[in-house]
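These notes open a run of structures that come right after.
In the two complexes below, chain A is the common chain; its partner is chain B in one and chain C in the other.
Up next, the complex of A and B:
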């Protein structure tokens, strides 16, 4: 297990333990006990993801996080069920977004099916970029660097130009889901025209992968 | 799922003692194996004068209830974790080593909640090599 294995969209088994009552009261209620990388798997694979709880691209991240942090359930010690880990979700008490949630875009859903997303080749010819074009989305007009999981294609020599056409075809037919790791710093940096590579979406076609 | 490249280091000092990395992750699924995290907790071979809940053989003193701190619950078809925590051990010498009585549920952890944690070097090497 090395740090090199812990990349965006890596899948890992993370063992967590609860901390003392004093730490829970301060919002640091969980600590990591172990990390085990799961080889040859990534989060785009069907079956490892639960779509019910992810963030939406239609509402700004700050609002969704505040909603998440205000939900009250069965906990009896605090007002809501995430108070005990609130500092691990958002470090500061102000409204500045510091969390990095996963935003899930289901292109088959009514809210997201009308779009003009485009796949571009990065000028370096090393990566692909997704230009997000969808009215009403917080990412409208933004560009994302596409992370292609190493096990997506069984042929190692699959070229980026072919992959670009393939992804564009999947997007046009709404046959792909887009998973975005939100990074507020990169979003703000990009909006000021400083950076082009902002976030890291992956695409998981909803049919068997090509051979 | 891990959502960063674990490359952010402390800018304060790059000495091994104080260097750390921040790991950002989003739980996808809550697994079944909950482990043996319980309260109260005392080591059976501990100092008899400081032991309150267990005897020297590791058996609970009558009248004490040992409780698991984590329980898996199903919410809208998704498995979540209900967490309890523990109060300080009544013996001042053992406050940082042993757990006292369990509390009520302090919160719930569900898939999709973004979390961040610090990995300090001295523990990180051990965590990653033995994981």
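Up next, the complex of A and C:
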């Protein structure tokens, strides 16, 4: 891995090895053997992973993690993943959120379609920010720095002002998906401009001729 | 979206000086396809798209002719893919690659006839080079052939 690869929403395949049962029980039973960066793909891409594993913006992260880890699996040795993975992910048994899950917001979904999200230009004129305005969302009132996938536009020529207007138009029409890498520390400590989100206009609708 | 006289006037004389006028006349109105994508009843705000359907537009070539005739650089650019469309909707700017054919369109936000946003965009009119290659199926292809002959 190089510094160039370490960007928000970079995608990597991580090879892991499971150690002994005893070590797994103590919370350090998994060791990472390899990390392979996947070029030209990012973790906001549709189809990269099953949507059932992504988090919702409507329920607090801790509850969702506990629900996920307590689900029964095909593993014969444990009733669920909780005892096996919890310590590895959390580092401790308390409710402090230390994981950084992918939170996926489908603006077309009933739960998320009523909102007043705003796209702002950061005062530095170098980044766009997404202001979450949605009652019932854990991110209501929070701001996120928007990561624009490098394959979306020829960004240097397109410019942020046009992108801001285009994104706002798409968000107003719920024609976009929002992907957030949740960072509990940043979300709690800062009110704006630190956590990252990516915004992906969904496929353009067909426009029938109605003049 | 009805592009009536009132809307034609509103588009040709937008009150917000950020936006440039769009002149739609009785002669050209038949080449405009206007669609209201979303209407907010409570605020009376329309989100619409107006597409010039007269013809797909080809960006003007602003590059040095010697550069464009350089086959090596062309090949490299095609392989990299940045000359082709990467998005269904894009901004149109001077120097945009000539192989990106687009429909000229405007994303509109309006309160009745009052124009709140006119964002010119290009809508992808031709497939990216890579996609074309995928879609063209050689006539004699046998998809069930054992592939050993292609492999070392």
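Operating definition for what follows: the second predicted complex is superposed on the first by the 182 of 211 C-alpha atoms of A that agree within 3 Å, B and C clash if a C-alpha of one lies under 4 Å from a C-alpha of the other, contacts with A are read in each partner's own complex, and residues count from 1 in each chain.
As a working rule, a residue touches a chain if its C-beta (ideal position, glycine included) is under 8 Å from a C-beta of that chain, and two chains touch if they have at least 3 such contacts.
This one's a predicted model, so the numbers in the text were calculated from it and none came from an experiment.
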| item | value |
| --- | --- |
| Partner chain in contact with A:172 - chain B first, chain C second, else both or neither | second |
| Which superposed partner A:66 touches (first chain B, second chain C, both, neither) | neither |
| Which superposed partner A:111 touches (first chain B, second chain C, both, neither) | neither |
| If touched residues of chain A are counted for chain B and for chain C, the larger one | B |
| First (chain B), second (chain C), both or neither touched by A:181 | first |
| Partner chain(s) touched by A:21 [first = chain B, second = chain C, both, neither] | first |
| Contacts of A:99 with chain B and chain C, given as first, second, both or neither | first |
| Chain A positions touched by chain B in one structure and by chain C in the second | none |
| Complex interface listing, chain A residues touching chain C | 151-154, 157-159, 162-163, 165-166, 169, 172-173, 201, 203-205, 207-211 |
| Chain A-facing residues of chain B, complex | 1-7, 21, 23-29, 31, 35, 37, 69-70, 73, 75-78, 82-88, 99, 103-117, 119, 127-131 |
| Complex interface listing, chain A residues touching chain B | 1-3, 6-24, 29-37, 43, 48-50, 52-55, 68, 73-78, 80-85, 88-89, 91, 99-102, 181 |
| Chain C residues touching chain A - in the complex, by the definition given at the top | 1-3, 29-30, 32-38, 47, 49, 51, 53, 82, 86-91, 93, 95-96, 107, 109, 117, 119, 121, 123 |
